[in-house]
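Chain nomenclature is as follows: A, B, C, D, E and F, assigned in order of appearance, with residue numbering initiated at 1 for each chain independently.
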Amino acid sequence: MESVDMSWVMLGTILVFFMHAGFSMVETGFTRSKNSLNILMKNFLTISIGAVLYFIVGYGFMFGTDAFGFIGTDGFVLNGVEDIGFFIFQSMFAATCATIISGAVAERIKLNSYILLTIVMTAFIYPVVGHWVWGGGWLSELGFVDFAGSTVVHFTGAAGAIAAVMLLGARIGKYSKDGKSNVIPASNVPLGALGVFLLWFGWFGFNGGSALAADVTVVPHVISTTMLSASAAVIASAYYSSLRYKKIDASLTLNGALGGLVGITAGTAAVSLTGSIIIGLISGIVLVEGVAFVDRNLKLDDPVGAIAVHGACGIWGTIAVGFFATDGGLFYGGGATLLGIQALGVVATFAWTFIMTFIVFGVIKAVAGIRVSEEEEISGLDFAEHGSQAYELKDIMVTTPPARQSNTGPTGATLVERLDQLHGKSIKMD
Amino acid sequence: MKKIECIIRPEKFSELRQKLGDFGIYGLTVTEAAGCGLQEGKTGVYRGNEYEINLFPKIKIEMVLTEDMTGEVITLIKEICGEGNVGDGKIFVMPVEDVIRIRTGENGVGAISS
Amino acid sequence: MKKIECIIRPEKFSELRQKLGDFGIYGLTVTEAAGCGLQEGKTGVYRGNEYEINLFPKIKIEMVLTEDMTGEVITLIKEICGEGNVGDGKIFVMPVEDVIRIRTGENGVGAISS
Amino acid sequence: MKKIECIIRPEKFSELRQKLGDFGIYGLTVTEAAGCGLQEGKTGVYRGNEYEINLFPKIKIEMVLTEDMTGEVITLIKEICGEGNVGDGKIFVMPVEDVIRIRTGENGVGAISS
Amino acid sequence: MESVDMSWVMLGTILVFFMHAGFSMVETGFTRSKNSLNILMKNFLTISIGAVLYFIVGYGFMFGTDAFGFIGTDGFVLNGVEDIGFFIFQSMFAATCATIISGAVAERIKLNSYILLTIVMTAFIYPVVGHWVWGGGWLSELGFVDFAGSTVVHFTGAAGAIAAVMLLGARIGKYSKDGKSNVIPASNVPLGALGVFLLWFGWFGFNGGSALAADVTVVPHVISTTMLSASAAVIASAYYSSLRYKKIDASLTLNGALGGLVGITAGTAAVSLTGSIIIGLISGIVLVEGVAFVDRNLKLDDPVGAIAVHGACGIWGTIAVGFFATDGGLFYGGGATLLGIQALGVVATFAWTFIMTFIVFGVIKAVAGIRVSEEEEISGLDFAEHGSQAYELKDIMVTTPPARQSNTGPTGATLVERLDQLHGKSIKMD
Amino acid sequence: MESVDMSWVMLGTILVFFMHAGFSMVETGFTRSKNSLNILMKNFLTISIGAVLYFIVGYGFMFGTDAFGFIGTDGFVLNGVEDIGFFIFQSMFAATCATIISGAVAERIKLNSYILLTIVMTAFIYPVVGHWVWGGGWLSELGFVDFAGSTVVHFTGAAGAIAAVMLLGARIGKYSKDGKSNVIPASNVPLGALGVFLLWFGWFGFNGGSALAADVTVVPHVISTTMLSASAAVIASAYYSSLRYKKIDASLTLNGALGGLVGITAGTAAVSLTGSIIIGLISGIVLVEGVAFVDRNLKLDDPVGAIAVHGACGIWGTIAVGFFATDGGLFYGGGATLLGIQALGVVATFAWTFIMTFIVFGVIKAVAGIRVSEEEEISGLDFAEHGSQAYELKDIMVTTPPARQSNTGPTGATLVERLDQLHGKSIKMD
């Protein structure tokens, strides 16, 4: 392998890793401060467990010798694997897929149950889909196009999120008895906005690195389509939300940027620059409608909009390739074949991921429970699960408790002295 | 006129406020407070060291009312905010000599009647 | 001695405080509060869902004064904080039995005279 | 019954609270306040422009007590919070007509006795 | 084109993109929290609109076939453009120039009027200046040196900001009736400091990428001068501010880092390492004096110091080349020619940008208005323009409003029950 | 030098620079908000002074012509130095070493005394250690292995921190009279978590760049071991802390990630992927125990856990090479020689750094004082040293003070008018 190609893929690897900082900030910013520590821990554990498990089994299932076009069968613990660079690049994707779920289930899921789900996701559910499309499985045989993972990574994550949220239920207070969807405002949108920038930044590695080489004919094109699609989506979601809701909705516009990125991920190398702008514009609208549909029709409580971003826009992006691919796309006289294959890929991925997640998480629910107690949810997961809080605790809140006892006649000059005699020198804490 | 100060659990505020409205009382002033009493403190841990939180977040509501309403308002507060758990809070009834509505300058009962 | 509690619009505080000073009153205690009454709520929208904000930020000022000053202070508050719009706020006059200046221990009027 | 409101320096709260506990008083309500009076303001600078901070963070403690305890409690506050520096704070003693313990509904002295 | 050069330029592109995260955090951190959403939206829309418009027209005006040394005339929608990588790299610069204005006009400008200005800026005003210097226009003919854009990008942005602020006026309360400049403190300096780091980080791509190749003789030198100048500027502004104001002013020191980066941008490849340190030290002082001058003499209300950072230090950096260029600089026996050309470039750029912006924004002011209402400004742009707020809203603030009506004698055990009968089951919201 | 190698090292340089953003956010997030500005200024000044001084003298002491295997003797101001890229890469490391101290001494050190220490650290103390290991000094002669600096950079920083904290003492209220270690909670853990991500991200450049070339046989391996060790450490510290303290401690888990990174830094190129996981797991436990030991046994008040992260894990990482190095490690039949050399390196580094720092900082303490006044510490360093605060100041706190004077009978309609007559039109500030 060439040094320059290796460097490019390693750069991509590092950037995809960095997307996890983005996910963490988006999820922390879009939820309430009483659950911030918990969300951060979920994210750190997801990327960590994901990387280790992908090394042990995930990579093998995904890229090992094919069996029935369904799954890989060797290369566990990288046994006999030459290209370590390719492994580490791919391992970042595995964790990305898993972390998508963490946002949708935030503020009420039990940490340990979440971890169990993450384990199955990164070790098995995702690698299988990955094998179908990138590991020489049946979908790749059919000619399914998903350059960097609109379906493989993003839609898979969203499908898992749908199943998880269905089993988990909404946060307390999110839906009124009459089914009205209530507002649970974000705690730190600037942090969330930063997270979106981090994701956007990392995405250049996600899409660009997927060229797997510093190919001058591919990479600049990929960087450009990625940039233009995200930009178009920001514009679309900003103005479409102001059309629909009278105001430019900040958090929807931020989601919109991500929607545009998810939307272009499949076709980034296959569509023209103009095509990428159109895909982005539509992604922005799909996102706004998607959030409304998930929140008010499906009544799935998704605090950060993960299902709309990665699900709705993931589907759109995958299908869009069928229309906009300069080679084989419907709009370029390529007929409907590709379109059909793309659709098939989406359906198959949904079926597999949704069903598997539903079963696995359903079992966890039955056996261990998946939701924190109502009391913990109200007072916040941070104190309950981590014994602490994310933001400053006022000094006055933390004090050494007064010892309880009755007064037995003390002596001494001042009241304080007398009290001190009773209790021994009092320990003063800052 | 009387001033009713009540210290309640934050999670009860929303319902209490609504019921007071149903009851015809819209005017009130709220402050975030912290309190302690018989309620037991909770222990947290940070970097391996334990600490005790023994002040609890409370909501303090102040309402100036005409004498005749105080009784029912107190009942209402007790019914809504009384979980029966230590820490439910207190109600203090205090005398008020006069009330002025800044906007109009009117004082006495007229200043608080909506 | 009397305690004057007034609930005003935050943006009025700065001027009121200064005028009180011009008037010779420097001692006061302020807390951030939120209030509701006749003032109409405002509607916000977040991710496409509407919500209503019907508690408004207010500033609560507490001043303990000698009987004779209360009248003029109330006038002053009305003049400065009275925009004539719903939500301008209220003034409550309450009895105080004693005041102690912690620093010196002196009580009564001496405790609040500067 | 009396209500004691005291305005003190935040850094004194922890010790005062503990001593009150030693003294048998656990029930109190705290709010963060800001105050001014004789205490001199401090000057800050931001991007080359000076500004004055002349409201100081204070802690406001409210305790409803039986008549007989007020005296000693006031002494205690003076001893603990009196540094002898301007800004130590004030104590206000006010009448309370009734107290209700929301949890039990009991009123009067029984509502505040632990 | 070589893979390695392409990779380097793409890395630069990604890093320059990331600078927008920096701008957003600086502007959000240095302003009041009631306007944070609005500032974030401005930044997201600027980069997005900038990228799309630069693709459609900007690139053509800047790098199309030259006409009279003034403007490019073809290559719109990248028609006939080979090097997509160069386009996407340049498009990030266009957005950067536009976003500089957003900080200076923060907390009072109407979002849509700002957007209109941004459109003209990225589509026309900036590309013309860019053509003069980098597109084969008249300034490049003269031998004007601006390696990465002290003038082309930064000073152009600042010149536009001056015009915009003049038309817009100061924030309510910023200047007392007697002309005293009052303090309006920042809401989140740590976020602003993070923003400065993001900008500094991205700047290595801004200057380094401008080599347009992984040239071993240029790139390491550029990275080093960039680093040393910024460092020297931090030291200078920290200690100069403490000399002038008795305290090490944090926000001026943060601005200082940016001043040092702007200052070295023109000469990064042309001056020695020692030269870069001197340029940086002077930039730090220029920044502190610049902020004071803009704020207290010109009485231009610039919440984030954009005019001083990009304007004052932009001029200094461009002129400095005339002194410090190892080849042709005055201090290296190169005479005053280069110095004169550099000065000419600054003047020409100011004239063009200031006048154009003044006209365009003046028209917008006359037609649509450019400033939010006093009431909106006081209560904050976030709620007014976006219907929401950036940081956590206390639960108690959001409640279902009590229905207003008179009591008609109810029946039932408890008061609550009786009230409920009156109103039907009450909906409780979290 | 090859373009591709240069590009890779420059990428590494930029990433290591970015680690300073990480340090700043971790330190700001883990301490109280009343000291945030001060901590940010410390970090900005550290990197800035570090870079400039390393250019002037540090590089020469570290890589100049060797004298007695102890120190370099030429190449000051890069005199006669060819490879500027190598210099700038190394300069980032110097600042990193110094900044480690800033976290441990936070919230009570005098800024200027800290700066003096930083100067000596980056100009002399660190370069000497660097010379021993990387500059051809005696340790490198012995075959001491420290690929990217577990000892050279991290442990050196920690050793300095220990000496500094010993001389400085604990923050007010941290230890009760009876020696009990009290809790002083963090002010912004999400910001701290972001900092950890930034550091982790930058670390890929720290370790990867240390290959000093885009070597396909080394780089992917280094990126992989770095990733796996950090991941393993996160898992270990999360679950070990929950075992030890009943809760998954968020801030310890965040420290854990850094512990795993420090732990793999020495052996990143020398150990197997599996080895890196084991090293990481142990690092996570070492971190948790290390924090407990430093805090409760040594009673060294280290607000951010720098001593445990860089010290305890730095030692472990260096020693671990002796066990896990696939070539020469004890577990691979290489005998105990390497292990002994590694241990010797740790001891020598500690002796030199601790003693030097103790002397230098002791002198500063005697001459100028190193600690702020009790009053300043209680009210916070931000206002005292910078005249301002990090987060929003409530409008009501800032007002124009009332003029004090007695009432001389005024006339006029309203009270306000009369008062105005007395004082001339009152200036109202926002």
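A few points about this structure:
By definition in this document, contacts are C-beta pairs under 8 Å (C-beta built on N, C-alpha and C of every residue); 3 or more make two chains touch, one makes a residue touch a chain.
Chain labels with UniProt names: A, E, F = Ammonium transporter; B, C, D = P-II family nitrogen regulator.
Computed from a predicted model, the values in this text were never measured in an experiment.
Note on connectivity: the fewest steps through touching chains from subunit B to subunit F is 1. The chains in contact with subunit A as well as with subunit F are B, C, D, E.
The rotation that brings the Cα trace of subunit B onto that of subunit D spans 120°, given to the nearest 5. Contact count check for C-F and D-F (C-beta pairs in contact): higher for C-F. If you average the CA atoms of subunit B and of subunit E, the two centres end up 48 Å from each other.
Subunit E and subunit F have centres, each the mean of its CA atoms, that are 30 Å apart.
Multi-chain contact residues of subunit B (touching two or more other chains): 17, 26, 30-32, 34, 44-46, 51, 55, 94-95.
The residues of subunit A that reach two or more other chains are 2, 4, 7, 11, 182-183, 185-186, 188, 194, 245-247, 249, 251, 387-388, 393, 396, 398-401, 428-430, listed in rising order. Taken chain by chain, the contacts link every pair, so each chain touches all the others. On the side of subunit D, the complex with subunit B involves touching residues 3, 17, 26-31, 64, 94-103, 105, 111-112, 114.
Taken in their complex, subunit E has these residues touching subunit D: 181-183, 185-186, 241, 244-247, 249, 251-252, 288, 291-292, 295-296, 305. Within the complex formed with subunit A, the subunit C residues making contact are 44-51.
Looking at the complex, you find that subunit A touches subunit E at residues 2, 4-5, 7-8, 11, 15, 32-33, 171-174, 176-178, 180, 182-190, 193-194, 196-198, 200-201, 204-205, 208, 213-216, 219-221, 223-224, 227-228, 230-232, 234-235, 238, 245-251, 253-254, 257, 273-274, 277.
Residue ranges on subunit F touching subunit D, taken from their complex, read 378, 383, 387-388, 393, 396-401.
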